[in-house]
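Below is one structure, written out as structure tokens; the observations come after it.
First chain written, first letter: the chains are A, B, C and D, and each begins at residue 1.
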Amino acid sequence: MFAVTETPIDAHRVEASVLAPGYGGVVTFLGFVRERSDDDRAVDGLAYEAHESMAVAEFEKIAAALRERYGDLRVAIVHRTGSLNVGEVAVVVAVAAPHRRVAFAACAEAIDELKKGAPIWKKERYLDGTDDWRENAP
Amino acid sequence: MFAVTETPIDAHRVEASVLAPGYGGVVTFLGFVRERSDDDRAVDGLAYEAHESMAVAEFEKIAAALRERYGDLRVAIVHRTGSLNVGEVAVVVAVAAPHRRVAFAACAEAIDELKKGAPIWKKERYLDGTDDWRENAP
Amino acid sequence: MTVRVLAFARVREILGSNDSTLTLNDGARVSDAWAAVVERAPALAPLARSTRVARNGEIVSGEEPLQDGDELALLPPSGGG
Amino acid sequence: MTVRVLAFARVREILGSNDSTLTLNDGARVSDAWAAVVERAPALAPLARSTRVARNGEIVSGEEPLQDGDELALLPPSGGG
């Protein structure tokens, strides 16, 4: 499952999509909207926008690269768009692998790669009334 | 949530127990009963037994050691006991942290530590009618 | 030729449109399209280095030649996750 | 004194009981309890090195002195996860 969605993410459906016989370890990452920005401003909420078709294609590329490196894996990546409140799920990455170490490594790399290159953007809105486009470190 | 349970684990309840404001990254590990043993025998099912009070105490020690190393974390560990079929969830570890890298590292270490020292034992039953107590590498 | 320009995030806000059309000379390249966009919104000039451009869904360099009907996407640095 | 002996997994199967009682001389230590268990089930002898012993929930060495009413748990290498 690779998707960008304006509606709240059902993390359990994302996780369920990678379950399969022979995949003994499943690692799921949930990223939430935090109440403090990286530079410690009080966040009121945020908005994500995406180039949807390119974002989904990028998720598929990330998964293909991980399978190239780690062998057999099942990967799901879903990212929210639109307006989100503090505490809402922004992104879910689920990876199933035959063994746990690969599942941990691949899941961590998937979210790193997503942050690096997926065409998704975040505008944070602060309690002081300001807002700002936040870019990930390259 | 730290528990040993004879009834099927509700992974979503375990995960939900670590969610809290300020913990922006949650990593969950699900371990399933695999259809092949480590030495590639066809598994029919297995039975876990545990020293329950010591196992729960060990889960709490693992969480305390992770908080010592990584700072603020919320940790849940639940392990199944009794008879399990292939494909059932054997163990769930959920870790919530302010940032994702710590959540990944702590979750991976929690399951490593559990396998190393928690007083839980596994008897695999094979399709050829044999069975065997399986011990984790120290 | 005409190309479609999709803009996102900071670039979209400065350009004032998420979906617009550019008319370019035949033989134009991605760098010519970017120059035309900056002419329309000069405040985009400082973002030239950090903005990637995709042609029909694939990231390309400024040298990439364009064809009538292409879709260009102007992609500032990612902020997802 | 008497101590309660909880046994698990392979050790339980060889001992033939998960919960039994040992009567030991006053001043007995964990190593004496293990010797008494092995006397009851000699096939346990090869497991001495790999079996950890907990006294009242805490892993202890063979030197640990026992008290009447203690609970000893015989713990083979872990297989959880």
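Rule of thumb we're sticking to: contacts are C-beta pairs under 8 Å (C-beta built on N, C-alpha and C of every residue); 3 or more make two chains touch, one makes a residue touch a chain.
Predicted model, so just to flag it, every value in this text is computed and none were measured.
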Smallest count of steps, each to a touching chain, taking subunit B to subunit C: 2
Euclidean distance of C-alpha centroids - subunit A vs subunit D, Å: 49
Distance from the mean Cα position of subunit B to that of subunit A, given in whole angstrom: 24
Interface hub residues of subunit C, defined as touching at least two other chains: none
Residue list for subunit A, restricted to those that touch at least two other chains: 31, 111
Contact pairs between chains, per stated definition: A-B, A-C, B-D
Residue numbers on subunit D that touch subunit B, as the complex places them: 6, 8-10, 12, 54, 57, 73, 75-81
Footprint of subunit C on subunit A - complex, ascending: 31, 48-51, 53-55, 57, 79, 90-91, 111, 114-123, 133-136, 138
Partner subunit A, residues of subunit B touching it in the complex: 11-12, 15, 19, 21-36, 86-87, 98, 100-101, 103-104, 107-108, 111
